[in-house]
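Note that the chains take the letters A, B, C and D in the order they are written out, and that residue 1 is the start of every chain.
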Amino acid sequence: MTAVDAQESAELAKLYDDFASAGLMPLWTVRAGLMPQEPAPAAAPHAWAWKDLFPLAERAGRLVPVGRGGERRAIALANPGLGGEPYATPTLWAAVQYLGPKEVAPAHRHAQGAFRFVLDGEGVWTVVDGDPVAMRRGDLLLTPGWAWHEHQNTAAEPMVWLDGLDIPLVAQLDAGFFEFGPDELTDDSTPESSRGERLWGHPGLRPLSGLADLPHSPLPAYRWRHTDAALAAQLELEAEGHAATVEPGHAAVRFTNPTTGRDALPTLRLEMHRLAGDTVTATRREVGSSVWQVFTGSATVTLDQREVSLGVGDLFVVPSWCPLTLRADGPVDLFRFSDAPAYEALRLARHAVVAR
Amino acid sequence: MTAVDAQESAELAKLYDDFASAGLMPLWTVRAGLMPQEPAPAAAPHAWAWKDLFPLAERAGRLVPVGRGGERRAIALANPGLGGEPYATPTLWAAVQYLGPKEVAPAHRHAQGAFRFVLDGEGVWTVVDGDPVAMRRGDLLLTPGWAWHEHQNTAAEPMVWLDGLDIPLVAQLDAGFFEFGPDELTDDSTPESSRGERLWGHPGLRPLSGLADLPHSPLPAYRWRHTDAALAAQLELEAEGHAATVEPGHAAVRFTNPTTGRDALPTLRLEMHRLAGDTVTATRREVGSSVWQVFTGSATVTLDQREVSLGVGDLFVVPSWCPLTLRADGPVDLFRFSDAPAYEALRLARHAVVAR
Amino acid sequence: MTAVDAQESAELAKLYDDFASAGLMPLWTVRAGLMPQEPAPAAAPHAWAWKDLFPLAERAGRLVPVGRGGERRAIALANPGLGGEPYATPTLWAAVQYLGPKEVAPAHRHAQGAFRFVLDGEGVWTVVDGDPVAMRRGDLLLTPGWAWHEHQNTAAEPMVWLDGLDIPLVAQLDAGFFEFGPDELTDDSTPESSRGERLWGHPGLRPLSGLADLPHSPLPAYRWRHTDAALAAQLELEAEGHAATVEPGHAAVRFTNPTTGRDALPTLRLEMHRLAGDTVTATRREVGSSVWQVFTGSATVTLDQREVSLGVGDLFVVPSWCPLTLRADGPVDLFRFSDAPAYEALRLARHAVVAR
Amino acid sequence: MTAVDAQESAELAKLYDDFASAGLMPLWTVRAGLMPQEPAPAAAPHAWAWKDLFPLAERAGRLVPVGRGGERRAIALANPGLGGEPYATPTLWAAVQYLGPKEVAPAHRHAQGAFRFVLDGEGVWTVVDGDPVAMRRGDLLLTPGWAWHEHQNTAAEPMVWLDGLDIPLVAQLDAGFFEFGPDELTDDSTPESSRGERLWGHPGLRPLSGLADLPHSPLPAYRWRHTDAALAAQLELEAEGHAATVEPGHAAVRFTNPTTGRDALPTLRLEMHRLAGDTVTATRREVGSSVWQVFTGSATVTLDQREVSLGVGDLFVVPSWCPLTLRADGPVDLFRFSDAPAYEALRLARHAVVAR
């Protein structure tokens, strides 16, 4: 090193020190990491087996009460790439919630949007803004942002379901608000059908008392009998020679807001997919992340070269831009949720088919 | 008259003559008629009794074949204020269509949007863009603008239904296109459910193969069982103390496009109303016109002071800005269609409650 | 004729009589006229020469006062195909308005939307909802539906301009409301720039006090210096090899609502076109009608085979679906207004290029 | 501790261990931190003085070349609460970019949206998708997501400006793509006005060649003369007694996309504010963060009780939900950018006036 070089080097070191003292940071030393050629998520593609999850939920059921403050006996998927945060992906929270026989989880509300997807069981009612909504196998329930909600298990059996929220996204955005409701259950009635479904659950029919568009769906629940029928119809139509499926053997529906036809929640996309036996999907990648849960059947998922075998209840996450292929081992139904509405709203969405 | 006055008068007469020769017309002589203080429709409030209509349709069924050119055995309501035009209102066409046993009305398509509402009977299939759609009592069927459509009566009985179109609006706008299809029926199958319903008829569920928004509903039919259930639920919810109806005792649904949540057709609003017994609606007026048909029960309508008693099948038209009150003589269901989407799109809509 | 035929014929005649008595009309006898293969407008393509129009306006200025009731000294184009109605087309009103030196046309408002396009002169202020707006050569002024407006000529010379409204459309729709304002001018100030322009007339800049979207433009006037500059820039960019024009030699701008980017008025499309010398446009047709006025230069228009030579101030109308070709005799500027926003909103718009 | 308690405690510890091994995390131990009562941002309210920033930028100009890889001599604000990340807030990047005399920063493009705001100087052209755009004092330039851009300093003086991007938001969302362009400048012309401005920079005028709506503004630059005139007009209108300002003495404009009337960029809100002397704004808070820079004059900002005195060039950041008050020491102009469009699109926006 020449004297000139040494002086320059010292000046540069001093400059970087002075940057730091002034609360500044140069772009040129971090540009490549900040702005990669394509998404390089810290979140890993990862799977969780139901046979591991469920016993842990049961043990929590025995050991941990549902109480004010903790609020819910929910056990979250913690993506191994996200440094110990209880986040399935950088935007999505996914947890298994366990409610024991006769237990109640008290009312609260939050800016975060949420849904529940029921893998199995029945007997719980979720009261959403005062409207008791039955939870049964295969149902999808919404608790949109800032809606009061509480859960009541009326049965002698515990019940377990999947909770999905936009907690990490809202945390990152510093947009969270939270409020406690009453400690006691506000409505212990157990109607077959919620008021929201009675008002809104008729295909293509809009009540004249509900003409204002809403940011989220007014339907509190999407029932399995409808979802199942819709998926079955797509495969039947395909078999009859008509366009109905995403690709051969792959039926899918999106849960939407009937006031707009758009996603049921403004930050979360909710879908159910059905693959006929022996179906292999195209390999696709998209910007944004998603969480899948097997509802029936078994399948093999390939996440960026890595194959995982999946059975009922198993969950996996797909980080942004990670190639995904699904192969059905016999007929299989999969629930999926993602952050896609956010990316579309922000004009950051991209999709690609890697291989067909 | 002075000589000056006389000269002025002569000059003025000459000016008006010269206007006429030049293809011109002064505003000041016609302003009040052109631009009234409030809507002064030529169309009259008027009612047609089913007991008069139906026998005439039957006689037409015996005497007039369904053939190429005439296209349909449809008998239109001709508003007495509209100078002999076959128009229910300045924007709306309403006709009774009669199809004899085993008859076929061949395929055509037109820019005009259409629907069918079935007062009674069954056995006819309307094939819409190749998709056979069963018609049964209480059902509403769509044949959106430029969709091919044809009708087949498979039954041993004739069938009659209400056709509604935007023919007068499209005529006024010189926007009509028309094309003949094949003379022979293109699909004589008689499925229980159309392909469109199988794909789209699930509440809140959108097929992933149908993510592009459409100007009209992809649902070819809205079935009476759904409409009836939706109306019943509103009255039940009201009885339980919840907001659900338009006003006490008055339930109503709008038939909508699930891809957008908006009206099922871009120029026509389609609704079903149910009044509980003894219900009297508020007196309302709105800019734009509508046609109503009693589906079940009996009612009394007051149209700008004039009372008319109505029974099943009876039709009446409400011109723009004409005050309307309905009084139910026992439970009554009424189908209604109007041109409201056009007024809303053009920012010409106005509503008022005259009396409650 | 056999006895059977004769009886049938008599029965048929009786049926048609009975239809008429019952206020009904069969489709099959009128279908072809009601629903033509393609638009068959009654309105004719037609032109009016400024050399005929202007002297008549001057004579009206001498002979006819501007008074309450008649409201405006406006002389409307009466399309020869529209049976004596003062309508340029079935949807559009176009009139020459003449205001003498120091004259005032008092305030009124109406549901009909209006604009003024200034062929020549200056000295008039139009007060729109209390905001005085100067009128000068080449300017376009808006008086949106239900905005109060009044005109004041401050000059020693008369002034003439083109008024365009949606009067026929609103009349057909029975949607008109009209209200008289004060008889005296409400504001006789003559500011260089209106308040609306001062607030909104900055490219791409939206006042934070104006964040609510409006159905019509908040800009009361579009000044010629801007329009001229925009058109000139397009032709210059084209000459430099960049995409900027509609087609070679044909520059055009649309006057838009800065709160939405859409048409300045919900029922009227407003545009200025500039053709470089020797430019011949493609031959185009569109559903819906338009009115054009030559602002500078001379041109030849071909309307469905018929050629008309046009000079400054000349007007012509293009009925729905009528093929239109323009040929510039040297540089020419043309103002155009049409009903296109209505057709787009109602999903009735169609366009075709007939020849290039 | 009883034996029972001890066993429970041991079981619980084992459960938490097993959670961790299984890649799971309970909600109840972290709920309060994850879902605070109201936003509790890690980002601090903070200010940076221009007198500190500018000399550091100059030193970097002497010591650090602009080169491929580092790409830009940009020095970022690193919020002291954000753990050493070069982020002004959790969503916003703000940096001072320094370009020496005759220097060129080569072409690249990225999914991240960017703008440049020019505090002082001139002589640089930014080439955006091949269109050279002059940069001068007070101008705002856009380089929307995925637009190629490069900078050329034609002057004998260095130039410094503010870069704003959505880098942290896009990083969090794993939505970044980046591509290098040619190493050499693609267009060294220095036009007075960019092609984009010539086509789009006319108030309310939309080229017919640009009828498709865009997610970002087609205007490459918003010039100071327009911004200044718009702000001056608001204060003048207020002085004349008309509604025009945000609050007394506080004028403000938003930079918008003329194809939609919405924000110029889909993830960034861009505004210029002018306070008349002695103006004190209301104290406001909003969900989402923003960065402000003083353009002219001096002011005092109160950020959650803490007062900071600001002069020309000084920057400060407002974290989510942090109360903000501005007090003008004489007339002051402030540029502001924020992430508000993202919050509005995701339905997470909230605003409150804390004190007036």
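In this section, a contact is a pair of C-beta atoms (placed from the backbone, for glycine too) under 8 Å apart; a residue touches a chain by one contact, two chains touch by 3 or more.
For each chain, UniProt lists the protein as follows: A, B, C, D = Cupin domain-containing protein.
This is a predicted model, so every value here is computed, not measured.
S.K.: What is the graph distance from chain A to chain C, where chains are linked when they touch?
M.R.: Shortest path length, in steps: 2.
S.K.: Whole-Å distance, chain C centre to chain D centre, using C-alpha means?
M.R.: Each chain reduced to its C-alpha mean, chain C and chain D end up 43 Å apart.
S.K.: Could you grab the centroid distance between chain B and chain D? Build each centroid from C-alpha atoms only and quote it in angstrom.
M.R.: That pair's centroid distance is 52 Å.
S.K.: Please tell me the distance, in whole Å, between the geometric centres of chain B and chain C computed from their C-alpha atoms.
M.R.: 30
S.K.: If I count partner chains per residue in chain B, which residues reach a count of at least 2?
M.R.: If we look for residues of chain B contacting two or more partner chains, we find none.
S.K.: In graph terms, nodes being chains and edges touches, is this line, ring, star, complete or other?
M.R.: Contact map by chain: ring.
S.K.: Any idea which chain A residues touch chain B in the complex?
M.R.: 195, 198-209, 211, 213, 217, 219, 222, 226-227, 229-230, 233-234, 236-237, 242-246, 252-261, 264, 271
S.K.: Chain B touches which residues of chain C in the complex?
M.R.: My answer: residues 8, 11-12, 15, 18-19, 22-32, 34-41, 43, 46, 48, 52-53, 56, 59-60, 63-64, 67, 69-80, 84-86, 90-91, 95, 110-112, 145, 167, 169-179, 215-216, 266-267, 287-289, 319-321, 339, 341-343, 345-348, 350.
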